[in-house]
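Here chain A shows up in two complexes: once beside chain B, once beside chain C.
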Partner chain A sequence: MSTAAAGVAARVRPNPARLARRHGWTVGVYVLLLVLLLYWQTIPANWGSFDVQSLAIDALPLAFAAMAQSVVIISGGIDLSVGSLISLINVLSAKYMIDMSFRNALLFGLLLLVGSAAAGAFTGTLIVLSRVPDIVVTLAMLFVWAGLALEILQIPGGGAPQSYLQLGTGHWWSPWIPSGLMILLLAFAIFWLPLRWARPGLALYSVGSNRNAAYLSGVGVARTRIFAYALGGLFAGLAGLALSATSGIGDPNAGQYYTLNSVAAAVLGGVALVGGVGGLIGPIAAAFVVTLVKTILILKGVDQNWAQVIQGTLIIVVVMIGGLAIRQRART
Partner chain B sequence: MSAGTPQVATPAARLRAAQRVLSDNPAIALTFVFVALFVVTDIVNRAQSGKAFLTPTQVSTTFLYAAPLALLAAGQTLVMLTGGVDLSVATTATTAAFVSSGTAHDHGTGYALLLALAFGFGIGLVNGIGVAIFRVNPLIMTLGISSVTLGALTIYSQTRFVALVPNIVNTLGSSRFFKYVPYDLLVWAPIAALIILGLRFSGFGRMIFAVGDNPVACRLAGVRVWQVLLLVYALCGAFSAVAGILLVGFNDAADLGIAAPFLLPSVAAVVIGGTSILGGSGGYGGTILGALILTVLDSLLTILNASQALKQILYGAIILALAWLYARTSSGD
Partner chain C sequence: MKFRSRGARWVALLVALSAVAVVAGITATASPAKKQASYVIGVSNTLVGNGWREEMICSVKAQALASGKVTSVKVANRNGGPAEQNADLRNLISAGANAIVVNPSSPSALNAVIAQAASRGVKVVSVDQRVTAPEAYNATNDQVAYGQLGATWLFKQLKGKGNVVEMRGIAGVPADTDRHTGFQQALKKYPGIKVVKQTFTGWQFATGGKQILDILNSGVKVDGVWTSGIDYTIVNAFRTAHKKLVPIVGADNNQFLKQLMTVKGLRGVAVTNPATIGGVGTAMAIKLLDKQSVPKWVKLKPQVWDNATAAGKKAIKANYSPSRPPTYSARLQVKPWTTYTSKQLFSCKGP
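So, the complex of A and B:
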């Protein structure tokens, strides 16, 4: 009795070392983001709400893609098909929304979200049934979705009603609050927060950290993994819709950028590739960091292609350091 | 069930034995698939345009087309045997294509080819450092390197326009001797022999299998796993560079998308050839047949007027189906 009470007391009292270990990385990412933001706002001559707006527009699809990737990685998998699923949703929405009213466009978007969650669930089911490694199945699905996207729209085109575009590029209340940012926070609050501490979320983490232990404690491993991919598909669908809302067109190759960068944002955001570690708050900030690095480079007059090279190199270095960190943790 | 006991084999046992032989030697089934696919293409082509496909010229063309793919898949085979995958083979080949055609005019052909090979080896080495020393997931490492290389190549292609494909590269990539033998076989065949024999008889070859099978056991047995991985990725880069040189010889000009369509087929060829995605089992013989099968399949789809999109979907589906099939046969044992 007394030991249980002591246990509860120990849990209530915040342990600084434990807090630092658990949230240190996330806090670090936010500090990095803050530093970059402070530096960024000194570069343009008339930095203002317009710059905030364009940063939100640039980062929104990547933030959703990072969420999609993080959910899957936390469950112990990896989803290489995120980028091409984004392309598919992007071209589907841009091709058919162009002549729709705002209400129909929203309903169609909702339908696409359900469809992309189903696509994710399909990938997850294939992985569970075939017992082929996640990487191989999602690599194959990468080409299936990309092929479908190319079949639907060969060249960039399409569009969306003006009021729908406002969802991604407009602002709420004040020009300093981009609507894209609010939608991102809303999606996070609706789709992730209720799950995070409920059964499905806990199952996600347990399957990711130790599949056998999770199975032995009665977690439906197969069901949880499929659920993770479905949730990832949902976020990828949001990324695709966000891409059409922010860019105004559909592009069958637009998603390529997100395959690697979503993984990079997840790792930079504190999601360990071994699974079971991290959350979605970190990767969202990391998506802004990754975008901001490129924005700053371009503002500094660096050529677009050089910016890609530098960004790619930075991502590799980040992942390398992440790998070293895992090794250090395993050694201690 | 040992080999000596079944004197009177039941049909079921005979089927199981046949399955066993096939799963031990995928080359038999693959050769059959290759020939069958050729015949089907022949029939389709006769039906569509009234011309035969099963001719010596077409067989020779198939080998000519298959060589770059088979070389890309050669490096891919070695990497996949260690349990990794290299998604930078296409951009490495493109780099070699640009380097060999861009420097030949000023510095001579030999220098250009050596430089292209060095670039391939170097890119592979960087991949290897990331995977072997920093333990980055191979997929992410190679994808990252490929995006960096592509960015650098875009800059290079915008600043330099002088490009001249050396004659010898042109000949190697697109001509034939004795009417039917493609010159690129002169490059491909020795490399293929080297890989097949090397994997079977050299210590390094056995180590590749061992590392793919169980890296921890390897480390405990005293194998320097990181050195094996480093060399494998570097070799993969070098083979990709050779493929890039052949491709630029075939196309007569380097462009940024010259090797991109071969990325997925290079993985598909390895998977079709029976090399396990998890590493540790397989070989280059199957990959060669895989590359030949994919080349004929590509001809068939072209004859049928299939779009690039449909081809992509089909390749994805093939990889998935075969990986599933191999996963089932290996877990059934």
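So, the complex of A and C:
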């Protein structure tokens, strides 16, 4: 779509056409989400706060995983180790938090986030130093983290203090406001918003859209790529912690589901696999779309294998539209 | 993005509509619930593509149909762990299930959502494996007895002396742990028996067959094989390796029953682990909804079908179904709980 420089220009001089072009996809995903939400709330006989809670609980880990994947893809990479890093953080937290007080559990969670970001930075450093393609290194790290997770907890087990679980499954102020959703928004506001328009965020986009141009413009390419993986690691850590809070257990295989589904949510959310395009708001909505499709099918009593077929169809169709639109624009 | 041409705009509109239409269209195929009849039963399973589990789900549908009291069975069936199952259970509650039959992925991780179900008046029956939630009812095979009965038969058969192979299921899964406990209980009484090899088949028939072939080819003397239900590929492996058959303990898998009847020189027993436990759970759930009392934990005592005794032969013959696939769990009924016909079970259609 446009480089970081154009992004700054757009901010300086708002241009409706450009805004529409830049955010059309995101708006589209949100419209799709809205339509699904409206349809969804008509199905259960007593639709209410319980259902809203269910959706938030179900979508929370995937939303974080999608954010983790999106950051890396925007920087021009791809991270196949997201899922197993989630498993690792999940089992670590569940194994040790079970006997902790709430305060210690939170502190331990923070420590795990730092560790998870470091793990991401390690992967990024490996990629930059070895010059081996991202997909190869992160595939290797997938096995490393998965093995470590199994080493720490062979079978599902562990747990967390009740008040910690409430962070994922409880509600704030009113039963209609799931705490998980608020934490998701908070994490987005704390870890992404300040970066997005600051130097590191812009560097992320410039490296993702054209590495050479970024280098020639004085952007530290190696540093930025490592930063992207570290930030991805941080979000993966949040996904792992969210998984512990929503499921109440550590499961060494729990993360498998998120490896490719995070890519799916990123793509559906408007992040182009070529890098440099997209944001995190889209993938968050996409995570809810993916979750909602599945939920609606259960509510309607339809075979869930269809959910996967529909998810796949949805991705192909949406990406095709995006491609068509870009081609149309190039032609005119 | 902005669509400059009418064509692109058209496509965009079409896609947005079709995305919704796909969802709506698929969901529309579900029959609308009739209001006058009574219960909705939910099923949650987290191991997909497994014959035993599919049969379990079919038995839920069949029992629901046979009871005449259920309007629909809603199935949440996908691969996953406790996190996915938690979500599925919540969705089944939202879907208006009056009772949920669940094959749990963890004995304790579902307790919070089960408590929530109970507070909304939804009955939860855990089948195959137990959950610790005080609100839930359980229907399981007695897996300790499963291990103990089969092993005892094997050790007796070997007259208390010899080398045996213990082929287990999946490490850490409650059923595997319990069966191993039973196996050990039997082993204690027969000090002359030596376990020369222990493997984990992952309850995969191909894996089990390959493992025993490796063991046979390694030259270890094997006098008997105990399996956690991965049986007919073991018999095949003995034939592939041209080894003399030894006594084999298996489960009530259709193909193994056939082998017990037809393979020359095969001595073995089928220890039952009925997939139709799903039907038992459903029957319990319906009784609970009818405000009748049921035991908190229904434990099935496994039957041992010996291919050398008259009673065993009769049971094997009666339960073998030529029309069913090799891995079909052959014990079609668990009386007095299940009331469906075999045809209802095979057709796998709910009300």
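Structural remarks
Rule of thumb we're sticking to: the second predicted complex is superposed on the first by the 288 of 332 C-alpha atoms of A that agree within 3 Å, B and C clash if a C-alpha of one lies under 4 Å from a C-alpha of the other, contacts with A are read in each partner's own complex, and residues count from 1 in each chain.
What we mean here is this: contacts are C-beta pairs under 8 Å (C-beta built on N, C-alpha and C of every residue); 3 or more make two chains touch, one makes a residue touch a chain.
The shown structure was predicted, so the numbers you read here are calculated from the model rather than taken from an experiment.
Residue contacts after overlaying the shared chain place A:Asp303 against chain B and chain C alike.
By the document's definition of touching, of the two partners only chain C reaches A:Asp51; chain B does not.
Residue contacts after overlaying the shared chain place A:Leu324 against chain B and chain C alike. Taking chain A as the reference chain, the count of touched residues is higher for C when chain B and chain C are set side by side. In the superposed pair of complexes, A:Leu243 makes contact with chain C only, with no contact to chain B.
In the superposed model, A:Leu273 makes contact with chain B only, not with chain C. In the superposed model, A:Leu110 lies in contact with neither chain B nor chain C. Residue contacts after overlaying the shared chain place A:Thr313 against chain B and chain C alike. Of the two partner chains, chain C is the only one that A:Ile155 touches; chain B does not reach it. Where the contact sets of chain A with chain B and with chain C meet, they give residues 154, 303, 305-306, 313, 320, 324, 326. On the side of chain B, the complex with chain A involves touching residues 85, 130, 134-137, 139-141, 143-145, 147-148, 150-152, 154-155, 158, 264, 267, 271, 277-278, 307-317, 319-320, 323-324, 327, 331. The touching residues of chain A, when paired with chain C in their complex, are 1, 17, 20-22, 24-25, 28, 31-32, 35-36, 39, 43-47, 50-51, 53-54, 57-58, 61, 154-156, 159, 165, 169, 243, 246-249, 251, 253-254, 257, 291, 293, 295-307, 310, 313-314, 317-318, 320-322, 324-326, 328-329, 331-332.
Here chain A touches chain B in the complex through residues 78, 80, 126, 130-133, 135-137, 139-144, 146-151, 154, 259-260, 263-264, 273, 303, 305-306, 308-309, 312-313, 315-316, 319-320, 323-324, 326-327, going by the rule given at the top. Contacts from chain C toward chain A in the complex involve residues 1-5, 7-8, 11-12, 15-16, 18-20, 22-24, 26-27, 29-30, 48, 72-84, 86-88, 90-96, 105-106, 108-109, 111-112, 116, 120, 171-173.
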